[in-house]
Structure formats: structure tokens, C-alpha cells
Amino acid sequence: MTQTSTDTLPLVTDRAPLARPALDSVGLASGKLTRLSRILFDHGLRNGTAMFLPYDQGLEHGPRDFFANPKASDPRYVIRLALEGGFNGIVVQIGLAEKFHHEYAGEIPLVLKLNGKTEIPSDAAALSPLNATVEDAVRLGADAVGYTLYVGTPAQEQDFTQYRKVRADATRWGMPLIVWAYPRGSAIEGKGGKDSFYAVDYAARTASELGADVVKLNFPHPEKTEAVPSEYQAAFSTQTAIDAVVRSANRSLVLISGGSRAGDEAMLAKARESLQAGATGLIFGRNVWQREHDESLRFAAALRSVLEKYPSARHAGL
Amino acid sequence: MTQTSTDTLPLVTDRAPLARPALDSVGLASGKLTRLSRILFDHGLRNGTAMFLPYDQGLEHGPRDFFANPKASDPRYVIRLALEGGFNGIVVQIGLAEKFHHEYAGEIPLVLKLNGKTEIPSDAAALSPLNATVEDAVRLGADAVGYTLYVGTPAQEQDFTQYRKVRADATRWGMPLIVWAYPRGSAIEGKGGKDSFYAVDYAARTASELGADVVKLNFPHPEKTEAVPSEYQAAFSTQTAIDAVVRSANRSLVLISGGSRAGDEAMLAKARESLQAGATGLIFGRNVWQREHDESLRFAAALRSVLEKYPSARHAGL
Amino acid sequence: MTQTSTDTLPLVTDRAPLARPALDSVGLASGKLTRLSRILFDHGLRNGTAMFLPYDQGLEHGPRDFFANPKASDPRYVIRLALEGGFNGIVVQIGLAEKFHHEYAGEIPLVLKLNGKTEIPSDAAALSPLNATVEDAVRLGADAVGYTLYVGTPAQEQDFTQYRKVRADATRWGMPLIVWAYPRGSAIEGKGGKDSFYAVDYAARTASELGADVVKLNFPHPEKTEAVPSEYQAAFSTQTAIDAVVRSANRSLVLISGGSRAGDEAMLAKARESLQAGATGLIFGRNVWQREHDESLRFAAALRSVLEKYPSARHAGL
Amino acid sequence: MTQTSTDTLPLVTDRAPLARPALDSVGLASGKLTRLSRILFDHGLRNGTAMFLPYDQGLEHGPRDFFANPKASDPRYVIRLALEGGFNGIVVQIGLAEKFHHEYAGEIPLVLKLNGKTEIPSDAAALSPLNATVEDAVRLGADAVGYTLYVGTPAQEQDFTQYRKVRADATRWGMPLIVWAYPRGSAIEGKGGKDSFYAVDYAARTASELGADVVKLNFPHPEKTEAVPSEYQAAFSTQTAIDAVVRSANRSLVLISGGSRAGDEAMLAKARESLQAGATGLIFGRNVWQREHDESLRFAAALRSVLEKYPSARHAGL
Amino acid sequence: MTQTSTDTLPLVTDRAPLARPALDSVGLASGKLTRLSRILFDHGLRNGTAMFLPYDQGLEHGPRDFFANPKASDPRYVIRLALEGGFNGIVVQIGLAEKFHHEYAGEIPLVLKLNGKTEIPSDAAALSPLNATVEDAVRLGADAVGYTLYVGTPAQEQDFTQYRKVRADATRWGMPLIVWAYPRGSAIEGKGGKDSFYAVDYAARTASELGADVVKLNFPHPEKTEAVPSEYQAAFSTQTAIDAVVRSANRSLVLISGGSRAGDEAMLAKARESLQAGATGLIFGRNVWQREHDESLRFAAALRSVLEKYPSARHAGL
């Protein structure tokens, strides 16, 4: 599995993309299947891919994230951006869902983020408390829920316990569960950090083992080899790394996160590699709405042009 | 309100259709709004009207209803008919929803009929027992639930009590509630019968007073004046009657039922009068699937051609 | 659909048997699939068919049923008969399950019959009360539960309400639900009786509409045309009738009941016609254990020889 | 967004006040709308603004707060002050509500403060425990509840978890939820302190993201730039800061707190800037009742004279 | 109990194997008996022994465990290996059970591992949080549940408390409970480490005292005598040690774990000694699926050839 080449972009076009299973063959019960099907085939490109617009940074980072484009402080502005940009869904906390979703009800799928926290206290034993329930999501007409699992945090028992109830409720109500699988906390910092191939790969597998329907991941950095377990210390290309990460997620659909703003070409290259590896879609927030309005739409269009090359089927055998 | 003219068909084209409120201005909370919006604007004609295909006659009347077209005994045949015919939703009991909906999940809205009964015992004190719950509907990914309320039945207390819990659950989970408001039982038979203008008008108002989001009604027969209260003994035109019935339903959206098979022209005329009166849509089952396949689609197209003349808005003031 | 020929036996060999869907394509969730799979592929002929031995007649009819073969009064005798005869399961009430199942645990699947009654009071408004729960079945290690639904009984509301809770529990626990769909009560007696094609066909459809995983039916008598609805008054062959009944059950697997003892050849002919129509199996009790021991096994072998000609698949496409 | 001018007062009169949405367009369900409408349009200036009198300092700071005006130790004195001063509501803990509210029931809206604590232990990991429930508020006839959320406290998980249940109850019972959004604890002290523009802005957004109907905030100090994130280190005017804070709260109505006593002119200037920025009202306690009686009323009148210049509508488009 | 000889391998063939009780004589109630009977007599060698394939290392160690054989990252590959290799069951976490088990339902028993954790945080106060419930296991059709008890962990109170609820649920639902009895945490490290005879023996007894139906143990190392209690400081042969360990487990059936990969001959010798001592079976994961496919099957065959020499009875006295 090790390889020394790092010229990953050629790889992307050199080999066929890795197969993504048809939506109806990953073991989803009726309600989850209905709701995911709606997201993947009734919105956005309607081709089985998805592009989500997350908008919970006001809580996670505070309003400073809106200083680059103050209009983005207004939830209506961002929701309209999601509509204009052809996104498959918007992700918000309960407060914004309660106050704004009714104006766009039925126009764009709502992903209710169930937990979240401020960045003010220390992240050493990170834990993201529940702010809403799956029942809230049902009541509001959401099509999925989101949960941040801090993989490897010293508060693992509390996190897994809190998560277990969310998972059980999501199963009970047929609500797709998107897990933000984020390596975090002092222990992972001592084993190579949260962005290493090891950390992201482990996070993908953890989400899959614990029953995520969809897993949101950051792009892995295989070049960060210091302090990671020996298996991850070889010279992996980014394509090899993202291939492995998507494989670790097996039947949990993979969304790759944009993270904080970076150069457009680099981000589009990562998006391409992710889709090539079998990811289902992208989840880009600040990279979209921290730009001026028309520039946001141009970037969204660039993301869509990646996604449209990687369609997948609703039904197996069709 | 009384009038002597009975030439109702000219009326349909003579005056402007009665206004139907925008969906976002009838007091629906977020979840109900999302789900109804999806039915009315993401399926069928996507113009705020709806055409539902009910398929619970196998329980209500028994398989004899399928003898006219034995293929219709197969739920897959009927669901595909709904897809091909551009319907906004299909209405089934829990058993068919559990066994068949997953194959069409996300492709056509599911209306889970919560109660139902066989026609074998007497209807004198009709009561339709619950076979499923709003929670089942949520779990399966349904976009609405249906409940048959036998307006005027001697078993009224049991019916209203059972209904109250369904209404409360529908509110709790943001699930649109479609009430089949059917006058039924020995008492209404002694007051002019279940199809009279009096009976249908009373049923419309009862559903509205008790919190239906949508009410399914049979077309009223104002000419059945025997034994009805004096107010209903005048010579009302059918247009006048259906206008009044829709008015009685106020903010409960109205669906007019096709009932047992009748002549196509007569049914289309009733459909036109209903939409002209402000109804939101039609719910035709046997009239559709008791025909041979292509003939079913031709009739569905004729119904759509009525609906497309009566669009209504999602948002007020737009 | 009407036909005049009554020479049904030739029909059985004249045409290919009607298709039975693979077990994994009828929409069963994991737990029900596991348990049914075990019954159909780990016991009996292991070919997707099933032969059940019901043994609740001591409650339903009283010990008079054991007078023909007093040994059959002993549950151990009958359970051993089921083992020796290669049955796929045995059906008992809670008392016998508690006291005898542990001796044969894991050797033959247990179907816990949840409701049952004596024959002493009138059947005019028949209702079979619950004597055990799905939770009891889980606790005892049963692989299915049975429920008698008296289709068309004047006590329909109570029956459907009681049934609904059983169905919900069976869904919750992944326990296959076998519905004894028995037309019964004064109303069906006034519409042609409980054995008519009309009554059995309606019962099959009712079980399917209400979510039975498996439905146990008596063989229909199409020749009983008096007082039945007009659709059922033509001269249907028994093969045509059983074909329609199995079609009415759609994805509920069909078991045909032996009922009270009759001539062996006639019963085997019915068994053949049922399997030819797409039934999954047979459920013969008194016809088996009211005979002397070796005769019971000979008859069971004759039933197996019918079943082995109608295998069906566990997985679609294999 | 940065600017160097600090001559903020001219700004207040130079530009039009920022729009405040009509009460019926912020997504409130019927019960919350009814109760808030009562506060905003049946009491005080009846113009959509509000002036609350908080009276929980006896718990939060102890009786030392009453030494400046010993009469204020008597709840009846303070409640009468609220009536005489034309306040829109009074805020108390459960004990005073139980013992005193009945005497003024219906005369002045009651805001039941649900949590609270003494100042005796350290605030380093501040958490304010629940002392009453939303159900208590319903029972007592309160028109709103208050909850103190210590934004950024190291006890964040417990605080958010406790808050979530309050929010859910407030939604369930249609009770407006006023969040005291207070940055607090050791972490915020290390990032610029609880009064910085950064801290107050983050608190406003947190309340909004977590579903506050109304948020109570302290006036931000943009001049405190030490140790705050870089985005907040520019030379913002107070008007610019409060504008941003109100924008961060989006559809959560904003109340600006008086805090501890300060010079009257400075406080009135802050009040004016807040209303100019789109705040809905003021919440001044010690600044009011620590004065001698008539002086209290004079100051209340000065606050009203600010509020009356910033009316807002009950209904959009009217 | 002490002895000086260390020539343990001869012992294996020199004396008769220690008796293992018949399954029906260890006090199991009906449901547990049914399910264990199915595992032990309907799968694998069908002779009362068991060979399980655990597959939760993706969570416990991360995907690095798959680097030796990348195909093993795919749950389908591993499940098929279990089928081809004649295993009696496969052990997975809830996520893989939900997404993959339905494809193999009824073909191989599912053991749902209820708790689990990542290896990222420190193990000093190890505690494995619950990720699923016994109810999940029932719903999915599992035949047993697994629980990791960290014997001797400083978090013992939480562990025992969490375990107690699992045990009670397992009793309630008739679900066999397999306890992974693992000495772990800082205290046992100070008393000779987790692999000592002392530690393993204590773990076996603890599981038995706390009600395990089956206990999974690592093979004891009697040669690790440093810091263990004096009773364990003699020169015990491995056979003597494993004899004692199995005796400590009394009526909890014993499974011996393969642990991380070691030499085949050494492992087979341990397997033989374990069965000779009265263990019921083996649970080997990485030792199986970290090899190339055909090599995995060859090793599984070698394990089966050990097991087939140690059959045990279903019924006592038969």
C-alpha cells in the first residue's frame, strides 16, 4: 500500500474513480432512504452527489467569521446563497432553524446540527454538548441531523454515550445521521495531530463502526508523519490517503470538508481527489460565504463542476 | 345563499376562481410547512395543486375492487402508475408502506393512512380503527398522514377521542394531517344521507374545527334535499354547494374525492368546479387504476389539465 | 378473469408455478430477515418453503381434539413429532412454550401464538384475546409470533387495535409476525360464510394491508357463491381462486392451513395448488397429529414431497 | 468594517435606525407570539419596545445591593415601582414570584428567572443552576422565562445541556425564552474579558444559534482590544460595535442591560445607541431601584423617552 | 495447586480433557439456551464448540490493523471469510451490524459488541462506553451480545454499573452475554500486568461472579510472576494455568482469544491446551484476517481441527 510518488493530480485522471454503492444498497431503512434520496436526487445536481453549506460557525468560532463578509452574519443571506448556489442542504443549529427555516421550508433540505459549542474554553478534553434532539429535527421537517464526534478526546465515554442516544433516535425516526468525525483533544495532539492521515483514517472508521449514515471528514495530510503509528509513516500520496479513508468509511457516505479558507485551486484539487476516491460530496462553508456574493456563486459553480463528473445511482442494477 | 339556477357549468368559466391562500399563510408550523410544500411544489405539477392516488381499497372494500383490472392488485403496479401519471402522492395502509415504499423512497410522497377497516361488518355505528401511528409515518419517511373521521357516526365519542391523539401527534412531529371527512352511520342516513350538501358541508366544517390541515371530501349533492335541515332544502347549483363546502373548510386545504367510478366527463366537470371553488386538489383512486394501464394515464392527464389552470403560491405576496 | 373450467388438477402441472419473491426482496428489516431465514433455510427442507405444526387446539377446541390419538395430548409427543417429521416450526401458546420449549431449545423454531380463546362462547362477535406478548417471544427465543385476526368480526375495532400494538412490537423487535387471517363473525356469515373465495381473498388482503409478514389462510371455496359480492359469483376453479388469494397477499408470505381432517388426496391436491400459486408453505396440525405416530410421519413426508418441488431463493438474483 | 472615527453620538442622529422586524415575522409560534405581544403591546409604551425591571440581585449579589436604598429590599416596593414607572415586566426568582406575584397578577407581566446563583463561590467555571421550571412559569401565569447562559464557561457542556431542556420546554409550552447571555469564566478572562466587543458579540450569536427568543446583553466595550482575536482589534466605535452585536442576534430580540450603576448620561447614550442599532428594549435594575423613589421614576421616564422614538410593528406590512 | 513441571505439551495428550458441562445443565433460561444452542450446534462444527471471528479492531485499534491485508478493511470480505471458514459467529459493532448484517442474515450468527472505544486516549483508567444496547441486538436478530469489562480498572464503579444494566437486559431478553474480561488500567500494571496468570484468572472469576454466560479471555502467562500476589509466584505450567482459569469461570463458557498475531504453532498449542482445559472455543480475529485469503482459510481449518476433538453435548445424559 505504500508508494513514494507524490504527483497525485495525474493519478486523479489516470484511473477510474472508485465505485460508490447505489443508495438503496447500503442497508438504509425506509425513512433514512427517503430523506437521503431527497437530498441526493431532488436537490443540487440530482445525480447522487451532495454539496452542503454549513452555517454553524457563528457558534463554533463566533461572529468573527463574518467580518470578511458582514452580510454573511444574516442567516437569510446565507440561506439564499445556498438556494442560488444549488446546494443540497444547509446545516444550522436549532436557533436559526427555528427562526428562519419556515421561510424556506421545502425549498432546501435542512440538516439540523444537534450539538455544538463555543471555541472559548480549552479543547484539550473536547466535548460538544447537545443543543437539540432528533425529535426537534423531525418536528422542523429536517432531512438529516448532524453530530460532532470528537474522536480520541479524553472525554470519549461521555461523547460516545451522548452519541449513542442520538444514533438510536435517528434509527427510530428514520432520520439520516451525519457524523462530523473530528479527531480532537490532547491525546491525538500527542500522536501526530488532528489532520494526519492516521487521525482522519481512524475518524472515518470510528464513524462507520458506530453507525454514521454519512461522515464528514477533513482531508488527510499523509505528509504529517511525526509521532503517528508506524503504519502511517510511509510516503503516501494524498490520493492514496483519501482512497484509504473512504474505504475505512465503507458504507457511511463520505463528505469532505473545506475547513478554513485556502487557495481555490488547492481546494478544487482536493475535491477532485475525494470524489475520485468514492466520496459522495463536499461540505464547504467559510470557503463559500466569506467571499463577496457573486464570487461565492462562482466558487459554488466550480465545486458543482467537480461533482457532476461523479454521479451515482439511486437503485442498484440500474 | 339560495339561488334557483342549476346551470352550473357555465358558472365555472363565468367567474374568476375563488382565492386559495398561499401555503405559508395558513398558520402551519415549520415541519408541516416543509412536508406540504414538498408535496405541492416538488411533485406533480409543482404549482401548489395536488393529485393523490389512494390505494387502500383492498382493505376498505376487499380485493373485489381489483377484478376490473387484476394488475392493480399488485402494489408495485399502482405505485408505478402514480409515478408515471405525475401524482403528488400515494396513500396506503401500513402493511403496503412497510413492504413496498422502500423501493420508491424519495420518488413519490407517501401518505400513510392511519386508520381503516373492512366493509364486512355493519356501518351503522361506523368507526375506523387505528392501524398505524404518526410515529410510524415519521419512521417510514411519509410526508403526511390520513385519518378517516366518520362525521356523525353514533360512535362519535370514540372517533373524536382517537382522532384527538392523532392530531396531537401530528402537531408534535410536524406531520400534515389529511382528514377523510366522511359523513357515515345510521344517523346521517336518517338526515338525508352521506352525500347531501348538508352532510358534506358539515363534514368540511367539522374537519376544519378539529384541526385538519387538509380535508378530503366527496362532492356534495345539493339535489338530495329530502330530510336534510331546512337551510339545505333550496335549489342550490353544484357550484354554489362546492363553493360553500370549501368555504366551510376555511384554512384546511380541500381535496375532492373521485369515489366509485363514474362517467369521465361528469368527473372532470366536478373537478373543475371544485378547483374553481378553491379546492387544492383531487384524490382519485378507482377511477384511475380500475382502467387499463394506458387509459389510466390518459385519465390522469385529463385531471392534470384541470389542475394546471389553478396554481397557487407558496409564499404570500409573491 | 372468470373462467368456467373446474378441472383444476391438470392446471397445476400445465403451467409454471407463480413466482415467489426471494426472501431478501420483500422489505424485511434485519431481525425479521434473520429469523425468517432461519426458519426457511436452516430447518425443514432448507429450500425456502416451510411446514409448521400448530398445537394450540387444546385451547381453541379443547382436549376433545386429542381423543382421536390420546398421545397427542402430551406436548413432548407432538414436539418430537415435529422434529421427526422435519417441520420448520411448532406453534404453541405461552404455557406450553414456558414449560416445554427449553427441552428442545434451538432444535426446532418456536412460533409463539400470542392470542387465543376457547370455543365455548359464541363466535358471533369473535375476538381472540392476547395471552402473551412479543417480548415474551423474544425472551423465550421464539423465531416468530402468531396472531389471529378475525377479519370482518363486529369486534373489528378492538381486534385491529389489539393487533396494531402487536405489529408495532414485532417491528420494534425484529420478530416475524404470522397472521392467522380468519374471516369470522355474524357479518361474514351473512355474506357467504368464512370459507368462500370472497372471505378468504379479503382476509389475505387485510393481513397484507395491515403488515403481516406471513399470513395463514384456509383454502378458498370458490364454489360457495351464495350471498357473496357479485364479483365472486362466477365459476372460478380452485386454482384460479388460490392464485388470486396469494396475489392479494402480495409480499406477505402465504401458509395454507390444513383445517379439520379431510381426505389425504384432497389435502395434498390443495397443497400442490397452493404452492403452484406461490404460497410459501403449509400449516397442518390435526391432520398430522390426530393420526397414529408412523402414519403422522408418512403424511408429513407426503407434504414434504410437495414442498420440495417449490424451492425459493434467499437472495434475489442468485 | 473597521473605522477610526469614535464620535459615535453624532452617528446616532445622523442615520436612520436599523430596522427591527415586525413581531409576527420572526418565526414565533402562537403561544410565544401571544405572550410577547402582550408584553410589547399591552404594557409600557405599547409600541413594540420593552423596559424590564430585573430584581434577582438579592440572590446574585446578596442584600448588599439594597444598602443604597433599603426600601428596595421589599419586593412590594420594587413591584410598585415597576407599575408606577411604566415597565413592561418584572424579573424575579421563584420564591418572590410565589409570594408576591398574586398581588399584582395581571397588572404587570412576570418574567420568571429560572436559574441563578450566589456570588460566593468562584466564577472561574461559572454555572447557574435551575431553581424553577417552565412549568412553574406556566402555573404562575408568567409571560416569559429567563435563563442565564454563561457563554464560554469551562462548564459549557453542563450549561448547554441544562439550557437545552429549558429551550425545549419553552417551545413546548409557548413560553418566550429570554437568555441572559453572559460571557463568563476563566477562558474568556484570558481572551479579553467579559465586556469586550468580542465577548458580547459572541454571546449574542450564541444565544441566537441556541434559540433565544430574546437576548439580554451587556453593552460592548470595543476599546478593550487586548488579547481578543485579531478581528476585534481595530478601532471600532461603540455604535459600530452595538450594530454588529444586534446583527449577530438576528431574530432574537435584544435587550440591553444597565449593569452596575453608572452616570445617567452615559447610560442614556448607550440606550439610544442600542435602540438605534435595532435593539427592542432595555433591562435596568440597580440603576433604577438603588435610587430614592422619585428619582427612580424620573430615571425610568428618561428611559421611556428613548424607547418612544423607536417603535416597531406587531404585524409585517401594516 | 503448585507444581514444578513445565513440560505442558505432553500433558495435553497425556490426560483426558477436563469435562465441559452439557449446554442444558448450566442454568440457562429458554431464550439464552435457544440462541447459544443455535451458535454451538447449528453452525461451525455443530459439535458444541465455537470459533468466533471478532471484527471490531477498526474501532479498537484503528484502520492500521488492515494495512497487513487491505481487503480486510471491507466488512463484506471479512463476513465472507467467516462463512467460508466455518466460523460460528462474527462479532461487530453496531455500525457494521446495521449496514452489513442484513446481507448475511440467518447465514452466520451475529454477536453484537455493545461497547468499544478508540485506542487514542490513555488506558490508565480504561472504560469502554456503550455504543449499542441489548435491544439493538434483539432488533437486528443477533444471537449474543458482547461486553468488554476492564477488570481492575480504576473506573471500576462506572464499568460495573454500566455492565449491570447490560446483564439485566440480557437476562430480560434471553440474550447470551459474552464478557470480554480484560484486566486493564494502571492498577493491574502495578500488579504484574494484564497477561499474568493472576490477572487472567481473576478476570475469569470476575466474569463468572458477575453473571457472564460466556467469557472471552486471553491465554494466561504463568511465567510472569513479578509483582503478582504470592499465590501466583510458583512455577505453573501453562496447562495448569489454563486449567485453573477455566475452573475459575465455572459455568461461564470460556473462549480463548488469539490476541495480536503470533506464530501459528504456538497459537495452535494454546488452543489445544485451552480446549483440553474445558474451554468451549476460540475467538481469533487478526490472526485470521490479517493473512492473505487462502492462508486465512488454511489457518481456520487448523483451528477447526483442534475443535473437532473436543465435542460437548447439548443435553446432559445423552
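Just so it is clear, A, B, C, D and E label the chains in written order, and each chain counts residues from 1 on its own.
Definition applied: a contact is a pair of C-beta atoms (placed from the backbone, for glycine too) under 8 Å apart; a residue touches a chain by one contact, two chains touch by 3 or more.
These figures come from a predicted structure and were not determined experimentally.
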The C-alpha superposition of chain D onto chain E, two copies of one sequence, needs a rotation in degrees (nearest 5) of 140
Hey, which chain ends up farthest from chain A, C-alpha centres compared?
C
Using mean Cα positions as chain centres, tell me which chain lies farthest from chain D.
C
Here the gap between chain B and chain E, centre to centre from mean Cα coordinates and rounded to Å, is 59
Cα centre of chain A to Cα centre of chain D, whole Å, reads 36
Dist(centroid_CA(chain C), centroid_CA(chain E)) in Å evaluates to 41
For chain C, write out the residues touching at least two other chains, lowest number first.
27, 29-30
Under the stated contact criterion, what part of chain B meets chain A in this complex?
24, 29-38, 41-42, 97-98, 101-103, 105-107, 110, 135, 138-141, 172-174, 314
Seen from chain C, its contact residues with chain B in the complex are 1, 26-27, 151-154, 156-158, 160-161, 163-164, 167-168, 171, 183, 185, 187-188, 191, 198, 201-202, 204-212, 229, 231-232, 244, 247-248, 250-252
Can you list the chain E residues touching chain A in their complex?
56, 58-59, 62-64, 66-67, 70, 73-75, 92-96, 98-100, 102-103, 116-118, 120-122, 127, 129-133, 136, 158
